[in-house]
Structure formats: structure tokens, C-alpha cells
């Protein structure tokens, strides 16, 4: 099979190129870039020198020669390429935000500043959070909107709690997350200039990050009703990884009410015991998922244990009163949060082994 | 004046040595260490080579020769030295947890595993969060319990909101915080082994960190009543700094109720306007504080802007519905979170200029 | 085939476990550890949780069940295990220094403080620098001494120059190298404590590092005669990678003598032209090597372009007078510098595809 | 006294602003910037928020109001400002390369691509390597060319060896150096984009860095005759610091000739003894220098021990044959390598205490 990547020179494009170059079903790769047309890919990414021999081509040519096309462009540019793929009858897996909102063009426009140009394209697109929409993906949709990095992490972290309806009605869920700097993309800018992020930790876009509506939508789908959320992204001085700390207030009867309002003592055994129950709920929920690992007691999720891999690691905790569930979820933002999940989507759509090219065992260090 | 430091070879001890070596009122420094007695301080910290000529002495000798003594020992060891200072009639400023709980030995014992040996020592000790207890510190207490790093950051971040009683009754305040690795001290251990923290982000002691009761107590004092909190510490791959993200649910009538449950659009102007009001409330509250900087709109607090300094930077945000206040507070965990605040305490107790030796202008990079 | 790893809980052991877990010819893995016998490997390396289900066993049991054994122990412990493998008739690939000096027990003893206990074992061992000794490795030796990380990098960097006899007789070759912190192993110690290596660069063991005699020996073999070297290792604040900067004074007639003793101007075109010749010499020399990449003009070797992979990247430069060749060579110290090369050795010894399990495409970021 | 800084928004300008804001003799600071004229300095560097209240002004206005002016502009722009200062009769301390070459406009032009526009300005300028030219600086020159970061570090490291004429005639001295990323300045660019320098080590401009002629010139002045050098800069993933590893071949009779060509054993005691002699030579040479620390045996220079300070730490080593001196020199590239030395120059020129505002004690972590 032949795969094409449009926008191959960005970080997500380069990462999907890297993953696909080891995919047993992909025999040829076509790399598209308007800006670097005609250049060797390895002249831009010398880590591919001698291992990937490919010239950058126009997106049009890439689409023409491919059996599946990945979009790795900035937001707002995907529709024409999606259209072209639909016309050629091949799947288009888009890594921008353009196909993440299904038919809800209003939300997309409010947050991304641009209306849908071709609303009909969005009627049959599928949101590619693999674990959530596997069945719809198996039905071979023509357009797949690959999820954002933060929404992937937050949604996998909250899903079992939402699906099991254990959250208190009417209360907000808080997602406090930290990301590595690759999340900011390849274009140099002050915020990602080495001396200004190295050895520092900060929040950004507090209360107004564009991934907020996508998380809210996923939660709504998962719980079956709308719920307010708060999402606060942070920037950590590392290359890859997202850690989400998710605070889920439990509904009465579900957690404990061991209120020790003055924190007179550490969490009781009852809290530890209750924690175990929620861990089991999660473990069972994800028992058949190849890429979700619910960690045993004593471990907190950490980004280095998933670095480079398609895993989402989840650890389960309770606050000291036993009434708020604290879920930690860790992914590699470039893999499960972008290119890896895109390949997982392709594997599902084409009926390949879902983990093909995604078996990388993370290394810790 | 002559100052002594007991436990000078730990990170907090070395940092206070560094700060005091530039203090205009301190003419002599005595450094105490049981383990390294007789060694040159600069043989342990070669960064002091040729600039500080001091031999490590027994704690007893240090106390005997000093006009003020700083304790920089592990938790659980401070009482005998406090006793000795009290007997000599000189102030003892303790950087361990041993004098942070006033007379509440029960909470201390439950969290630190050890009862007070000399409860009477705790009757007149003062908790040294300078901005909060300045008046009591001016009354020249003999024992000062220097606050923990996380409690300093969280408490300064929440104080105006608590004092102004704008938080919703009965709701939890969440403190989600990330610290640099110096917070783990000088002793090598796996969790702080370079290859296992570099380029990674993780949570630890979720729901059970020992700073929880200290934060809860401070909040209670500040608000005038007890309130449940959740405190989640994280480890960031950097040397210094704590960033706390504090979620304060606002009481009705205080914030907005611009609920956009599906996050259909970015925060409205009304939210931005309300945000400005809270920022002003904070700015006014801290108007006279030399070391607290409430940041202007558009800035999120970041650890690199306070690195090496005694500042606490605070930025004020609202969630998109305008009903939860999100406060970001940043400090250098080794300075305002430990040694700097200890010196600030000394300055207050002795009536020196409060910023003496603490005027370091942070460098950003 | 079944593979065993002795000392599986160290970094090199964990890395070889990781690589072998994706090796198509290895059907079973046995992990040996005296200290952690009986424990789950994933309890020590949680990055393997749910993906590698293996209990640590005694080394003896591991040897008994395996068709090939990898030694990943500290220096000085390998001989008995080598003996046991020889007796069972299976290859032992040792990653310590114990089998790197062939029959030269005197040098080994002088640098590692311990004589050979069983000199006869060293008679038929082969030094496993794959590119150098491929033919001898194909003859199925029973014991392979896997090279040190620095010697691998320096030797591959210098080999073409040495083999082509272009270095000035009687002059020293200087190898100035920087390594990531994983090179120091898994045991926490002050030098590798995060706060004391982060954001810092230093040299260590200047003039006396144990890899010096191994490099000198390799150079002697490669050039056909002994030559003085200077080797200076440095520690860089990163996890993985070695960059060697190798200064090779050229013999008369071989380089240029464009001496501009006052550096009045930048290197001339003649120097650039000469540089190109040496680059071609190197490219030709390594034309058939899968894992050595001689970089095109304009690129300097960098560790991030080989991170996680078995590549050795080499770039070729000249000083401004054209009379000293400056070779930059970069490897991942844990892969080509340790576990990857050990697997490459196994692949050669057993006649597998030499790059089996070593096809990882590095990611740059 | 009033000080002005032209180009205050670059890293060197911001650093000198930071240092001068604590200088007891400087009562007022004027900050110049053509690009940001009229803006608050703290809006560009929020680390100065509430601590430095200054608006950026035109360079012309800054010069008009100041008693001393610091140039912190990109290379090639300093002459007109130098001219203006000369005309006003105030000293101009330039941190660009424009006044580092005295009257040698030819070398400057060859390396920086631009001839001197006003050669006469260069007749009386003084190269501000403080330790070398202190006497000439005391004579109150009007123009001071502040040295480059690498040349400062390399020159202080090599000076005693050069002055004592212990280097072998006709042999090259090699300077292999690594710098932190602040050396690349404030403008974001790919090479300094966080994800592409983090966790990586590389060389750059091998054989052709512009600091080469400046180092060669300094060595010539120090030794009294010209000598070939090789200078190879590297980029380390850290904010601040330069470590130079300097290889100085010793002339016959000066070092040892304990050649152990096969490195059969570690360096002998004779080598250690000889090393001690050179260390003493260095210590004596720099005995009166406040900012140069020759380290005791057992220590290798490291950048974290000088971070933030004006120190140059030097450690002395020999290769195993005792015939090449290996000097390690460490500075903070932004302080002793730029802004700190500029202030030191001002202190000397005006007869202030040379360490005024430069007493910062580095912190190790």
C-alpha cells in the first residue's frame, strides 16, 4: 500500500513519516510540502539521512499517488485535501483540528476563527479517538479527524469514570495538564526558545486553550450529558509527553465522605481501599485495550515511561476524604497524541493489526 | 552580628549560607554539621572555593558562638537545638517541619510519625510566613518555624481570595503544583537520579504529601474557618521553582455564571472584565509587599522569572464560565520557599531592612 | 531461540531487554539478577508494565535455559558466567570491560584493579566492534567482549584516517568527548544527582579514564602501529548520546599547509575542497556499513539525530590551515555504545540479518 | 553616576541592566532600543516587573543623558555610537565584536564582512580583557572592546602557560569548548528551538567560528609570538556557561616524557606530581586575581559552580605521558563572558572597587 503525508515537514508530519517508514503494509511513502517542494526530506530532517530517500512533492501529486493520505498541516487548511481524497475514494486522516468537531461548525468557528467551507464534508467524518470510536472507524469512513494531544490524554483518563456515571452531577471536572515543547511545533518562537523554557515551568492560555471545547465534547459523549470542565495547560521543560491530572468529584454514595477538614492525619486505609476499587474499575474497563495501561498501586503515571510509544498510562488516586477521584494520565504527545494515533486509525480503517508499527517499547531513560 | 547554621551541608543549609554571606549585618558565619565536622565547607561545596573560608563545627559550638541560629536539618531533629537557643536567649529559625504546627502536636505526629518531645517549646514559636505573621515576628519570638516550600507558594497564592471570603462555602480548593528537583534535597536517590527525571514530568505522593496539613492550616487561618483542600505535587525536570495552580470556586454573586456548558466559544469579554477585578483585588491586597508581584494581564506566572530570587509572582485568571478563580503562583523553592524566607524572617525579627541580602534581581535565563 | 541476560536490572541490561523484546528470532527471554531474584522485572522498570511479563531469576538458571547469554554486570564479575556458557557451548556476549582486552591481562589489571582469574578464557574471545571484527565474529566465537561506549565512538570516528595512514607519525591524536548521564549507570550517586548535573557541563577523570587503553588498543589495531592518544571525557546534561571530537594531525603531503598563523581570514576554498576529499574517503570507506553514516557537507554530527538508534554519524572537517583533520562522531551510548552493538554482535554470530531489531529510525526530537 | 545601555533588549543588554541595577555607584539607568522605543522594559522582560521601572528610549537620548554607555548591539553597528560617546567625552564599553581588533581592520573585515568605517576610532580603543589589560584600562580609555565569551574563557585558561613559555614551539594549541544556548542570543531560531537542542550535544562552525582570530590574537599577545590554534565550539543543552578544554603541548624539558604508548597503565605518580607543579604555577600566576579561581587537585572545572557569577574557574591536568597540559576553564558566558566583564571594565575605568556589583556567590544548583 502507498501512503501520502501532506505537511510532512512539520513535527507531526515528520513523526508520522518516521512511524510509517517501519510499517509492514506500507510499501511506498509520498511526502508533500508546498514550501519545500523538490527538496530532499533528509536535508530538512538529517536524522533520516541514508535511511529515507524521498523528495518533497506537491500535495496534489501526493494525493494522486496514494492509497491513504495523512494531513499534517496547520489548522484551517485541510478541507480541499479532504475533498480531493474523497473524490479519489481514499481515506484522509487529518491531524489538524479541522475535522475534530463533526458537524458542529459553530464551535469550530468560534475557537478557530474560520467557518467550515464545505460543511457536507463534515457529515461523514469520524473523530478518531480509536478506543472510543473503533466501530465507526472499522466502517471505513473517508475522513478521520485525528484528536488533539490534550483531548486524547484527558479523555482516556476520564472515560471510565464518565461512562460509569460516578461523577457528581453539576460539578466541574478539572484537567490540569503539562506538555513537552514539541507540542508547540517546529517553527521557532520566543516561548519555545531554549533559554526561555529550559529549567522553567509555566502555565499558558489559562482558561482559553482551543482544546477546551474538544475535551468538553468528548466528555459529553462519554458521559451522555454535558458537564462543565476547566482545562489548564502548562509547559514543562522536556521534549515529549503530556501528563494530565484530572479531578473528578464523586457523586454521593460513590466515594467516601471521610472528611478530615483539618487534614489531621494522612489518608486512612478506607481511602486506600476505595482507591483500589476505582483502580479495578479502570483496569476492567480497559482490559482489552492494547495501548492503555492502568498502573498498579504505588505508581504515579509519568511521561518518561511512555516516551516514544503509543501507550496511555493511567494511575488512580483519591483525595484524603475519598470524595474526589484523581486520575493521572500520561501519553507521548507526538505518538498517542498525534502521529501514533493517526497510524492506529489507519490500521483500524484498513483492518490491519491495530498495533502494526506501534509496538515500540518505551525505554524509561 | 554572628549567625550559625546547623545542617549547613544540605541544600537548604548551603543556600542560606550563600545568602547570608552577602548580608551586611552578618559579620561572621558558623557552619554546623555532625557528619562533616572538621571539614572545609568548600570541600563539600566547591562553588564556595576561595570565597567562603569556613570549617564545619559541631552544632553545639555553633549555637554557643552565634547571635541567631538557623536549623537546616531533616525533620524530627530540631527540638534540642531550639531548646539550646532558647536557653541562650537567641532566636532559632527552623527550616524543618518541626515548628510549623504551633501547639498542634497531634497533626505533626500523625504526618511526621513522631510526637513533640518538648511541647512547651511550641507554645511560643511563630510560624514564619512573613507576609502573614509579620507583626508576631516583630515581637521577637525565640523560635520561628519557617514554612514549607509548597505551603508558602499555595498560601500566598490563595490568601487574598480567602481573606476576602470570595470562595464558595463547603467547596474544595485544589492546589496542583509542580516543583524543581532541588526540593528533594541533596541525598542522591533513584527518583532524583538524572536519567530518571530528565525530560520527564510526573506526579508523586498524590493525595498524601506531608505539606497538605500545613496548607490546610494556613488556609484556615487566612479564611477564618476550615475548608477541605486537595493538594497534588508534581516533579518537573528543572532545578528550582514551584508553580502552583490554585482552583478556587467562587461563591455565588462573586464571580459570573456565564455557563457555556459545551464550551461553544472562548471566554467572553465579561469574563475578561471580571478577571481584571480579581486582579485588582489581589494587586491591592499585596500593594505594600516587597516580595509579592501580582502580574499584569496577559502574563502567566512562570518559575524562570523568579529563579534565584525571593519573589512570589502571582497571575490571576478565571475559567470560561467566570465562576472559578484560577490563581498561578510561582516562587523559587530554595529562596522564598526555604532559605530566602528564613533570612527574611531574621530581618524582621531583628528589625533589619526586610529585603537585606534578598535583593537579587532574577534573570529570566 | 532463547536469550538470557545476566544483570538485567542495570541500564545496559534493561536496554538489551528492550531491544531483544522486539527481535524476531528471540522467542523467549530470561532475565537474571542476583539482587532482585524472584521479583517482576516490570516492578523495577514499570515502563515494561503489561508488555514484558518476566520474573528475575538466578544467573545460573538463566544460563541453563538460554541459547545465547548477554552479560550486563559491573566490571570484574563476568569470568565465571563466561566459563559456564563456554561449558554449555553457547555464546556469551559480555558488556562489561572484562573481555575487551583479549589476552592482555596486564593492561586490564592495571586499569581495572584485578587480574584475569581464568586467562585461558581470554584466548579465544573476540572484541566485538562489529565493523572491525565482523569476519572473526562470523566464525562463531564463544566469548565476545562488547566494546565500551567511548571506544566505539572514537574508533569508528578515527578508523578510516588510521587505516589510510594519513596521520602524522609520532603525533598524538586527541579525543575530546561528551557523554549523556545514562553512561554512569542506574545507581544513584552525587555526580548524577539531577540538581548537580542539570544545566551544567563538566569534564571528569581528565587524563585517566579507563576507556583510554581500549581506545589506544583499537587505534593500534586500525593503524597497524602504536600511537599516543589523549582522551578527555565530559558530562553533558542529557540522557543519551556521545559526541567525540577527534583531532588527527595530518602527515605532510596529505593535508594542506595553508598556515594563516594569525587567523587573518576564515578558512579558504582550498581548505573546503580538501575537506571534501576527506569526506569522500570516509564515505567510501564506510559505503557498505549499514550503521555508519558519513554526513554531507554543512552538517556537524549531533547526538539527537542518532538518539535511540544504532547509528554512528560522522562529519568531517579541517582546521583553518588544512593540516588537522577534525572528525565528529556521534552515537547513542546505550545502543551502538552498549546494548545495540551487543545485539548486532549476536546477529552476526548467528548469521541473522545484521540489523534485525536494530532498525529504529531516530526521531530528532 | 548615570549609565546607559544601547541594545538593552538583547540578552547581553538585559544582563548588564540586571547587574547594573544593583551597582552602588549607578544612580540612574537609561535603556536604549531602536526597535522597542517607548515600551516599558518590563513588558519585554517581565522578570523586571515592579523592580525596574524604565522606558526604552532612542540610543541618541541614552548617550546624551549618561556618564558611561554600554553597547549591546549586534556586530557592525557600534562605530557611530562610539563616535558620539567620544565626542561627549564619556567611555563607551562595547560588547559587540566591533572594537575587539584594535587597529587590525583587515582581520575584522575578513571575519565580520565589513570594513572599519572610522579607523581612527580604533586607534585608542582598549581590548577589555580585564586581567590582561588592567593597566591600560586604568588610563581611562574612551572606547573599550569587551571580549567575546569564548576568547575570555580560552585566554584566561591558557595565559599562565603562554606567559611562562612552556608550550612547545610550532605546535598547535587546541581549544575544545562547549557553550550554553544563551550564547546564541534572544532571537528565536531553529538551532536554538527547545526541542532541537534539548537533550542533545553537537558541534557547530567547526574550524570557522568568528572567535578564532580573537583567541589567536590574545594568545599571540600573551606568549609574545604567533601560534596556530584550533578552536571547536559545541552547543550543550543548558542556559549558561562555557567550559573550555585546552590542550597545550609542552616543550621539551618542561613536562615529562613518560610515554606509555599503549596506555598499559593509568597515569603514574610522577605525572600527578608534575601536575601539581603546573597547578601551583597557575595558582601563583592568578594569586591576586579576585575572579580567577585555580581549583585544588581532584576537581575538574564545571559550569554550574560559576553559574551567574563573574568567576573563571580553572583546573589543571596532564595527559598520561605528562607531555601535554590539559587546562579546563569555566565561566558564565553571560557574566564573565559578557555583561559581568563589561561592568568589571567600567569599575576599573572609573576606579571603583573592581568587584562592585559582581560579588554574586554562585549556587551550584
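Order as written gives the chain letters A, B, C and D; numbering starts at 1 within each chain.
Everything below uses one rule, namely that a residue touches a chain if its C-beta (ideal position, glycine included) is under 8 Å from a C-beta of that chain, and two chains touch if they have at least 3 such contacts.
Predicted model, so just to flag it, every value in this text is computed and none were measured.
For chain D, the chain whose average C-alpha position is most distant is A. More C-beta pairs touch across one of B-C and B-D than the other; that pair is B-D. Once the centre of each chain is set as its mean CA position, chain B and chain D turn out to be 36 Å apart. The mean-CA centres of chain B and chain C are about 46 angstrom from one another, to the nearest whole unit.
Each of the following residues of chain A touches two or more other chains: 11, 180, 182, 195, 198-199, 237-240, 304, 364-365. Every residue of chain D that touches chain B in the complex is listed here, in rising order: 11, 14-15, 18, 21-22, 45-52, 182, 198-199, 239-240, 293, 295-296, 299, 304-306, 308, 313, 334, 359-365.
Listing the residues of chain C that touch chain B in their complex gives 11, 180-182, 186, 188-190, 192-195, 197-199, 237-239.
Remark: chain B residues 106-107, 110-111, 172, 174, 176, 178, 180, 195-196, 198-204, 206-208, 212-213, 215-217, 220, 226-230, 232, 234, 236-241, 243, 245, 247, 249, 259, 261-267, 271, 300-304, 307, 315, 317-321, 324, 326, 328, 330, 364-365 touch chain A in the complex.
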